[in-house]
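Here the structure comes first, spelled out in structure tokens, and everything after it is commentary.
Labels run A, B, C, D and E following the written order; every chain starts at residue 1.
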Amino acid sequence: DASAQMRKVKIATEGAYAPWNFVNSQGKLEGFELELGAELCKRAKFDCEFVAQDWDGIIPSLQAKKYDAIMAGMNITPRRLETINFTTAYAAGAHGFMVLKSSPLAKMPGGEYNLTKDLAAAEKAINELKPMLKGKILGVQGSTTNLAWAEKYFKDVAEIREYKTTEQHDLDLAAGRLDATVGAHSAAKATMETATGKDMMIAGPGFSGGMLGLGVAVGLRKEDADLKTAFDDAVKSAIDDGTIKKLSEKWFKVDMTPKS
Amino acid sequence: MDFTFLYTSFLRLIVGIPLTLQLAFSSIGLGLVLAILLAAMMRSRLLPLAWIADGFVFVFRGTPLLVQVFLIYYGLGQFRPYLDEMGVWWFFRSPYYCALLALLLNTAAYGAEIVRGGLQSVPHGQIEAARAFGMSGFTLYRRIIAPIALRQALPAYGNEIILMIKATSLVSTITLMEVTGLAHKIISETFRAFEVFFVAGAIYLAINFTVTRLIALAEHWIAPDLDQASRPIEVGKLSH
Amino acid sequence: MKNGARPAVEVEGLTKRFGPLEVLRGVTLSAHDGEVIAVLGSSGSGKSTLLRCINMLEVPDGGTVAIAGEPILLKDRRGGGREAADQAQLDRLRQKLGMVFQSFNLWSHLTVLENVTEAPVHVQGRPKAEVTQEALSLLEKVGLADKRNHYPSQISGGQAQRAAIARALAMRPQLMLFDEPTSSLDPELVGDVLRVIRTLVEEGRTMMLVTHEMAFAREVASRVIFLHQGRVEEEGPPAEVFGNPRSERCRQFISSQLRSS
Amino acid sequence: MKNGARPAVEVEGLTKRFGPLEVLRGVTLSAHDGEVIAVLGSSGSGKSTLLRCINMLEVPDGGTVAIAGEPILLKDRRGGGREAADQAQLDRLRQKLGMVFQSFNLWSHLTVLENVTEAPVHVQGRPKAEVTQEALSLLEKVGLADKRNHYPSQISGGQAQRAAIARALAMRPQLMLFDEPTSSLDPELVGDVLRVIRTLVEEGRTMMLVTHEMAFAREVASRVIFLHQGRVEEEGPPAEVFGNPRSERCRQFISSQLRSS
Amino acid sequence: MPPKSFFELMQWGPQGWLDEMTFATGLTLAVAISGFLFGLVFGTIAAMGKLSRRAIPRRLADVYTTVFRGVPDLLVIYLFYFGGSAMVTAIAQKFGAQGFIGLPGFLTGTLAIGIVSGAYQTEVIRGAYLAVPPGEIDAARAFGMSGWRLLRRIIGPQVLRYGLPGMGNIWQLVLKESALVAVVGLSVYFYEVKLGDLVLIYETRFSDLLRQAHVAAGSTRQPFVFYITAVVFYLLLTTASTWAFRRAETWATRGLRQV
């Protein structure tokens, strides 16, 4: 029968990054990437299986062939590209600051900047933020593009603290140990819906592209070129027929379809 | 092996050593004092005192240090208004103090249990002899019980010291970048987990090696007569 | 050298039980300054327990002990038994007592010399140099000077016993409790110990000693007590007890002695 | 009951030193089946060390020990000293030896009864029921039947010594090494032990015993050895050694004995 | 997701997390018990090595305890998981097998914990051995005991007596060490999910307690509920083990007079 010829593909996800991927109260993986993954596999005619894997070991385990692909809200970055390969992005969104509504930083000017398309404009906006952020403490999740970006532009004016998870810097923002967090707007929105985040808001401009990542994509081993082709085609068709728009609106309440 | 990479990683990691050592040794030092106090309380005939100590050891030995660090830092962070009111927010605001507190409470709980075990191994007759000569209380502990107990407890306490040095790696959860925190950072940039952990491991090994040698020296120094070569176990003969 | 009004030790109606076993069932005795009391009795008759009750290493279930006229204060403990009511008092009185344990109980982490100087320096607070001097001369007396830097695990049984004797003597106690102090000693050393005890007696100190050696008891004691079934079965000067015991049990006990010559 | 060709134990030129101290400087002796050898000597003269060398608890620096004609194999150890060359042989020979230690060394985690049955059951592999039966009767013999379920920390010194004697006897050893087996016993019990030893001798077993009690040695021994400065200074039947010692040192030692009557 | 109450979150069954937390506790216990027992074996052997008169076993044991106590536990686990798999794969390929062979997470994880905890147990056992009165060992030797018999009948029970408090500490440590194994993953069962006309096979990682709390916290965004629940579950395990250790201690110190 058909399934006998289908290629088996194991996909790793973190399972602790709602709403991208998380484990529900039945112990099952759920989230945007789980549904999208199922869609992609259907299109590529893969027999897929999801496994949960701690973030710290997620790339080494891919290389050790514990599984074949990663869908874990992972951004494409030049550094990661040195080690693994990515498909074309299946989601992209803005990054920026989240602050307490009562904070003076709430009054930071807004805007939308793309680091790839217009770096000069983006850097000008960043320089305008600097005086406001002077002496402030920023919280960022470690091992992320956000951290690299924050360190590049704000290290000289603000103190940057690294957290293991976004939820932890959210807690510290709530407790007043931080003045702002730097992260994806999608994650910030998810926080704002929880009890911890009820007094928080997104402030300042949104940034995307460039060193913030070329979008979230499926991570693959470099040698698996055939997998990349198959996944690339599947992602493109999911973008084209609006599946990604539909799924991201369901999970993020905003359209996260990458704009090419 | 890519030696340049190992070397640059090493240079970046040694920046974390002072924080690692500082946290380890201040928590061990303060923790030991608390451990002795707790062990004394556990053996006290005043039952409420014994209960408090038992409860403390129970909770802090019974739960993961990571959770303790997490709850002390993030958990107490939730009660900022009350802490502000009590005038202790400055303490709990600082990740360093929170880490120190968690580490020291944890090692005190383990230490108390080790001290208790050491006290238990003191031959009863030797304590009686001291009592018969009018020793009691602090002098009895200081002159007779403690030195004998120490000989028995030192190997186990050596374990604890090493564990604490390694346990400091958990404080990167609350933004303190000691050796392990820095290692994770380098890994996230390079994905060369194995090599980075190798270098970090070598650093910990070097620190702990020094510590084990010091402990062995201390053991020899406090118990010159207990030269273990004089009562070895006959391993070669176990085949029979 | 007072003799009379305030006995060095006074024991009144002492009882002690271990579980179902009544070891002491009302022992009354007293010793005045300069007296040497030999306690005899078969193995398990409670001799060691009696000595241990006098310095409260075992707290008696009933009865009182007074040292130099001062009764040791006891109070009931919750959950049964009694305990010292005033630790400071007990410590103070214990400094007047020396004890040689049946199993020596030397401190294993201290050398022979340190064993001897430990209590005088750290309990009585005497100057270390002076105590060391005295300790050395005591060790000399018991023939242990050359072993002063050995640890207890490195000396022979008889040497350990002598170290225990020196340790007790170094406290210059008013009352010495000796639990079979010559059990591991050869005849020559027994003679030496005998001489030491005589010197102490001449200084007016008091001794209570448990022994199985009748010859030794006869030589050293001013009074002999025979313990049997938890009571003082016979009491009197050695000549009387050994020569003409009143109780049947005591007679039997004494006559079972092997003659050596 | 062989007597002659193969001595139960044969010690040849034994030397042993602790650091700078030469404790044994060439001890030679032998004992045949049914002999009782009493070892005398002042405290620290090396009596315990001699016994401990015979069963290799201390490995002698020089000389040989043979049990029932079979020499215990030793080999040089790297870094100095010697060690047993064949542990299986040593274990086998040790089963023929019983020992009563000067400080008893009862196993503190076992009751008195368990102390006695431990080695026969777990070393000799004899059936537990049978051994327990025998152990109970041995404990009866030494007057400890009622303490069989006590732990060593709960019995008196004399009781511990008797437990140690029963433990050694339960092994039914060919050669018994007694290190001051009666030091903590009252005269009546000494008599009992004497009787037990006599029964064993009648069964053809051999004994070596260290004692300070001349009377006991005289009663029990077929031969007396006097150790002095690491050598056998005097050796002979008790009547001879006690009555008419040849060496000055031995005469002095023996005459220092207190007379009890 | 509107915030749920503690009791809503902590119910049994598909709606709540109580069943997951309970299973995770079970897994933690299973990992800990196996790891501890492995450790006991390694620790006993290494302690004998350290106490040996011979130089070689002494050196080897010394290297073992120094290295495995000295390097972070996570590194040892990584080494086992990745290194071990690589080695097995290499060996299997020599024999003609193809592809990658993964070692079962449970085995590698517990083995790694065993090796690490064994290094700590070595020191406890050695310390306890030195506290056994030498005379009692002499007595056993004099009666022809040696080797395993001596170890089992006389030394073992007494080492237990002096070593139990230290062992209790290591047990507590191992109980929490199981969280580290989560990093390399413990796959335990598979199940199928129907998604429209699509059948997906999911492998669920049956998590240990700490990771389960982490996962649930990430999923519900209510970290304290889960960390505090984890604390409660850990303390339940601790209650049980403290009780067990105290009983063992009472048994092991029978006949020993207390201060």
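Basically, contacts are C-beta pairs under 8 Å (C-beta built on N, C-alpha and C of every residue); 3 or more make two chains touch, one makes a residue touch a chain.
Fair warning: this is a prediction, and the values are worked out from it, not measured in the lab.
Colleague: Using the touch definition from the top, what's the fewest steps needed to get from subunit A to subunit D?
Modeller: Minimum number of steps from subunit A to subunit D: 2.
Colleague: Measuring centre to centre with C-alpha atoms, which chain is farthest from subunit B?
Modeller: Farthest by centroid: D.
Colleague: If every chain is reduced to the average of its C-alpha atoms, which one ends up farthest from subunit C?
Modeller: Chain A.
Colleague: Which two chains have the greatest number of C-beta pairs in contact?
Modeller: That would be the chain pair B-E.
Colleague: Hey, how far is the Cα centre of subunit B from the one of subunit C, in Å?
Modeller: 45
Colleague: Once you find the CA centre of subunit A and the CA centre of subunit B, what distance in Å lies between them?
Modeller: Measuring from centre to centre gives 38 Å for this pair.
Colleague: Mind checking the centre-to-centre distance between subunit D and subunit E? Centres are C-alpha means, answer in whole Å.
Modeller: Averaging C-alpha atoms per chain gives centres 48 Å apart.
Colleague: Centroid from C-alpha atoms only, then distance subunit A to subunit E, rounded to Å. What do you get?
Modeller: Roughly 35 Å separates the two chain centres.
Colleague: When you check subunit B against every other chain, which residues touch at least two of them?
Modeller: 74, 78, 123-124, 151, 193-194, 234, 236-237, 240
Colleague: Going by the contact rule already set, what residues in subunit C reach two or more other chains?
Modeller: Within subunit C, residues 103, 153-154 contact more than one other chain.
Colleague: Residues of subunit A touching 2+ other chains?
Modeller: 56-57, 60, 171 - these are the residues of subunit A that touch more than one other chain.
Colleague: Going by the contact rule set out above, which residues of subunit C touch subunit B in the complex?
Modeller: 55, 57, 87, 90-95, 97-99, 101, 103, 105-109, 118-119, 122-124, 151, 153-154, 171, 177
Colleague: For the complex, give me every residue of subunit A touching subunit B.
Modeller: 56-57, 59-60, 63, 79-80, 82-84, 139, 142-144, 148, 161-164, 168, 171-172, 174-177
Colleague: Which positions of subunit B touch subunit A when the two form their complex?
Modeller: 74, 77-78, 80, 93, 95, 172-173, 175, 177, 181, 184-185, 187-191, 193-194
Colleague: Can you tell me which positions in subunit E touch subunit A when the two form their complex?
Modeller: Per the stated touch rule, the residues are 1, 3, 9, 14-17, 19-20, 78, 82, 85-86, 99-100, 102, 182-185, 187, 190, 193, 195, 198, 200-205, 207, 211, 214-223.
Colleague: Tell me, which parts of subunit D touch subunit C in their complex?
Modeller: 18, 40-44, 48, 102-103, 143, 154-159, 162, 179-180, 183-191, 194, 212-216, 218-219, 242, 252-254, 256-261
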